[in-house]
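Two complexes follow with chain A in common, the first pairing it with chain B and the second with chain C.
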Partner chain A sequence: MNRYLARRILALIPLMLGVWTLVFFLLNILPGDTAIAILGVEASPELVQQVRTNLGLDLPLHTRYIQALFRTLHGDLGISLVTGRPIGPELLVRLPATLEIALAASFIFVLIGFPLGMIAATHRNTVTDFISRMLAVAGLSIPNFWLALILMLTFSLRLRLLPSEGYVPLTEDLLQNLRHLILPATALGVAMAAVVARMTRSSLLDVLGQDFVRTARAKGLPPGKVLSRHCLRNALLPVITVAGIEVGTLFGGTVIVEQIFAWPGIGRMVLDAIFKRDYPSVGATVLVIVASVVIINMMVDFAYALLDPRIRYD
Partner chain B sequence: MWKQRWFALLTWLIVSGLILSGVPASAQVPKRGGTLTVGLLGPIDRPDPHANPNQPALWLVQLLYSYLVQYDRNLNLRPDLATSWERTDSKSYVFHLRRGARFHNGREVTSADVKYSIERIMDPKTGSSRRLRYASVDKVEASDPYTIVFRLKYPDNVLPYVLADPASAVVAREVVEKEDNLLRSEAGSGPFKLESLTSDGGAVLVRNGDYYDKEKPYVDRVILRSIPDNSARMTAVRTKDVDIATFLVTHQIEVLRKDPTVVVSDGRSGQYYILALNTRRKPLDDVRVRQAIAWALDRNAIVKGALSGEGFPLDAGPIPAWHWAGIKTEIFKPDVAKAKQLLASSSAPNGFMLNIRVWAPQDYVVDAASLIQEQLQPLGIKVQIEQQADWPTYWNPVQNGNYDATIQGFGGNTHPVDWLDESFRTGGTLNITGYSNPKVDDLLQRARVTPTPERQAEIYAEVQQIIAQEVAMVFVYNMKQATAYRTDVKGFYHMPNLTLAGVVDTWLDR
Partner chain C sequence: MIKDRTSTVGSRAHGTITDVRTRTAVWDRIRRDYIAILGTCLLSAVIVAAIIAPFLRTLDPVRTDVAVRLSGPSVKYPLGTDQLGRDVLSRVIFGARVSIAVALGSVVLAALVGVTVGIASGFSGGLLDEIMMRGMDFMFAFPAILMALTIVTVLGHSSANLVVALGIVYAPRFARIARASTLATKVETYVEAARSLGASPFRIIHRHILPNSLSPLLIVTTITLASAVLAEASLSFLGLGVQPPYPSWGRMLSEGKAYLEIASWLTVFPGLAVVATVLSFNLIGDSLRDALDPRIRF
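What follows is the complex of A and B.
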């Protein structure tokens, strides 16, 4: 198991470098560069050239790539071309914010999605099932930015219960941190909950139809025990896969909600960096996103091993 | 007798009581202290005044630094580091510095610092977009510590206004040279000091206790927050998450006007939005085609539809009528018949396809494009709207002249020179349509050397008449960009050059 773990983690390095290289070249193919992005409409050709020289962008592409690669392999994430400040510290602040919201959103979708799916499956074709399925469809169809704005208008403006945007670090003030977390996490969690609910329902229905379940019932086991002892672990496998993918998208895919709630996460950071052609920033955030997604996938794989004793890694 | 005395006393008491109760309560005395929170339209990129800061960074810079002169709320010049100035001859300006103004690191501000700062902006290696505005300056002389003299290559009456530009900050040389950039603010001498830059693109400022104005600022701290989403920023001032929300446009202004806990400022700001027609492409090289388009547009409808009414139609020149140099009478009225006539006699009598590029995040531009599409249809001009979400992808072709038409705004304008020179001069840096008229070039140069404001206004009016008639660009609207603030925020005022200068006079009634 430990060898497996080591191999997976080592494999992470070429993967990160590969994606990083791909992104580097893709970004440089796009028209325009940092100079044009920073100068906006004031971008006269002469001024663009001057700024380009100041930022070191007039070096040939392969030179810039090798310099950047060298720097990155030494663990130096570089300096932002737009702010002139080192990227490492900036990421260090935004990473906890992203982790928090990923965790909180995951909490919400587990808390809502999973039970909703279970209830729908165990009360199939009843009113409860119908309502659960309607809720799931609603959660899937509602765009998260619309939900975000409705939540903000209701809880911040009308009811004055929660702040409308912003972020307070956990270490600074726990209560304020949580108050700022609730709305964005809910906006993100609801859509994910819907996906998980539907997946749980169909997976559980599948398992409930199996012979061994009929056997267990025939043996006289109470339905609760049938569910918990025999069904859930089997039903959870595909659900965890889906949940893992959903959580993976939270690293970099939360741009709109981050924008609305002014939440300083990585999603907004990488999008702004792309629009401003801030090559070092994009590179650094891509590394973080790749690492996060891979680690989450690893956790999903280990969860498999926990659930299904037939799965072994070595 | 006593009765008389009593009566006189009583009368006197009553009369003085009446008089005193009629005396208006004296103007409220500003309260000191407190923290003011301001919502900005985006993250601060770099707080270096000379290195092309973006709009939010410019807001920050203007509070941390001092200038020779600054704009007041009516866009006239007022003293800042310079207490007075005069024009000693047609090619020289003399500014007298105040004594006792100090940089945040404690050292007194002298003329050597002013000389260093201006020369830094003028140095091509700094890469400042403001460099060309100092093109008339030959030498900057700092012969005595409190006097600075500008010697010009040719007479130029715009120089003092250029010195009031938020990017023309006076910086402390030793800080710049040590850091090789201005990312820390000990280089400034402004009313606030930079405590820190926050990770979400904001900043925390503290009151400068050594500011030369001993009264101001009144607040102890200013927190700048980046809230890029327009709806969120508007909501933030309603929920008290911020005290002041900046850059509010179109329907946001409409919504806020209905909220009694919020004051919405006058939204006058010096930008103009145009439909740029690339004169290097057929049939847009034909002036009658361009005129047809200019006459076909219903600018009032565009202001109503795209801006929810929060803007001024530009039916004459690019400078809005509320500005001293704006033309007060309209040149264009929506006249489809006239437009059709013009097109019929042009090189494209049967209409043509027109591709209009727009940058997707500007919804007030995208909406305007749709309305223009409708309005040009009766002429047989088929408009295709091309939206781009990525700024460099959108702007690059425009910059290189590879486009038909685009709708864009040029902002930060306070003096007619800002509106006119670089956009309409042959080869100007903002002349994206390739327009060229030697008469206009000549007039623009003449305006700079004309001494009186009345004569200047006349020349600028003439320039605007020509560029409007020749349709160098189709002028569409001047959008309102308002600031909204809570009712307990006192003393604040909106600046038409969109800086936060009003913060210096602001106090909190809490």
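What follows is the complex of A and C.
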């Protein structure tokens, strides 16, 4: 297990280097000129040239690559071309907001998805099963940004129950923070709840059909106990894998949902940076998002090993 | 799964009979499945709308009439008008064209690239397989929307570039499925028999590996079409897809956001169109999976 852990952590290094390199080259072959993007198309050529020199944009590509890589390895994520401020501290300020929304969305998808899938599986081929399955397919088919708009329309603009946008830090006012959190987290969580519900259903059905479940029933164990003692733990494993895979989708979704709810997280930062061709910011934000996804996926794999003693990693 | 187990080189005739029987059974199961019928009806409606839109003279998605801007649903404008007085119904119907075209284009591209890479990788094994699989790990680490966003930014904002970006994003899914089927099939004894009879790798892939990969690939194609419609809408919503004034659902939703409070129909109807299209692909995908291979999961 320890060797497996070490190997997985070591494997992160080439993966992250690859991601970093890909993003660097993608953004440096962009057809647009960053200097012009900052100054606007009417800027004089002399001014554009001056800005390019200041930003180091006229150096050859490989020199910039090595310089940028060296800086990143020292924890310096560069300076934003638009604001002129260092990117690292900005990311640190925004990361908690995104993690908060991702965590709340995960809470929602587990809270809705798992019971829905369980109900469907235990009532197989009944109307209840059919309705749960249709709910799950519908949840899967609703775009998160549209759900966000509809939630905003219903709960903020019509019923005036919740704020339509903005963010209050957790440390400032817990209640306000939660009120701002509910809509974006729901918009993000529903699609994933659907995925989890479907996975729970099929995985639980698999387990319910196995011999040891029949044995447990035959020896007179009450159905609730069969479910909780024998089935759930086994059925949980594939669900955890799927939930882990969905973490990527979750972080991808924050890009759009943060934009709609004016949530000051990394998702919005990456979008702003992309539109302004602020490539050091794009590189840094993408790197942080991919790193978060990869690290969470790895943690899911470890959780898997802890839950299922049959799995041996060596 | 339709396993072409019986169709070894020597007993082709027998294999064909088995195939026909299995296929009839699969079709029976799909036909009895009301979910599949619902999905097919929805999808047919969207496709018919996309095809006939330009032939309906009453529809005009770009004509503006400021006098009737932001008017609610009425007899003349069943789904209301937008901020420039354009007919929302026409725009929703024309939006189907972009949505379906981008989804189909990107999935065909992803399937061509992904299946080729997956089969080559699984069939050859060794270093090539290792390199390709590491490359895919790498792509799976990226959230799909983030990768598409970056690629579209690099290539420029247009629907053709959207197709390329989504094609790249979805190719690994196809590669993974094709590789898994290839690995499972290439160790079968009938493949060994074919090889010992002197069949070329191309023939083995064409006659044995591809037919065996078909049902999982069909399912992944349908599910990916659903994802592609969603992704197209998301990227257009962010302003990276089709350029105005041509209508796309995502774009309509992003333009309607500013008028959410006073003209909610601008948000409700294009969104419902997206939901109906994605839902139809998902329903069909589900039924196909139940009928062809209940063990496959995504």
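The definition used in the following text is that the second predicted complex is superposed on the first by the 285 of 314 C-alpha atoms of A that agree within 3 Å, B and C clash if a C-alpha of one lies under 4 Å from a C-alpha of the other, contacts with A are read in each partner's own complex, and residues count from 1 in each chain.
The criterion applied here is as follows: a residue touches a chain if its C-beta (ideal position, glycine included) is under 8 Å from a C-beta of that chain, and two chains touch if they have at least 3 such contacts.
Please read all numbers here as calculations on a predicted model, not as lab measurements.
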| item | value |
| --- | --- |
| A:18 touches, of chain B and chain C: first, second, both or neither? | second |
| Partner chain(s) touched by A:252 [first = chain B, second = chain C, both, neither] | second |
| First (chain B), second (chain C), both or neither touched by A:85 | first |
| Contacts of A:27 with chain B and chain C, given as first, second, both or neither | second |
| Which superposed partner A:176 touches (first chain B, second chain C, both, neither) | neither |
| Which superposed partner A:43 touches (first chain B, second chain C, both, neither) | first |
| Contacts of A:157 with chain B and chain C, given as first, second, both or neither | both |
| Touched partner set for A:128, first chain B, second chain C, both or neither | neither |
| Common interface positions of chain A, toward chain B and toward chain C | 30-31, 149, 152-153, 157, 259-260, 274, 277 |
| Complex interface listing, chain A residues touching chain B | 30-33, 36-47, 50-51, 53-54, 82-85, 90, 93-94, 149, 152-153, 156-157, 160, 163-167, 259-262, 264, 272, 274-277 |
| Residues of chain B that touch chain A when the two form their complex | 43, 45-46, 48, 52, 54, 124-125, 127, 129, 131, 181, 183, 197, 199-201, 225-229, 231-232, 235-236, 238-239, 241, 390-393, 395-397, 399, 408, 410, 429-430 |
| In the complex with chain C, residue positions of chain A that touch it | 15, 18-19, 22-23, 26-27, 29-31, 137-138, 140-146, 149-150, 152-153, 157, 199, 202, 238, 242, 248-249, 251-253, 255-256, 259-260, 270-271, 274, 277, 282, 286, 289-290, 293-294 |
| Complex contact set, residues of chain C against chain A | 137-138, 140-146, 149-151, 153-154, 156, 226, 230, 233-234, 237-238, 253, 257, 260-261, 264, 267-268, 271, 274-275, 278-279, 282-283, 286, 294, 297 |
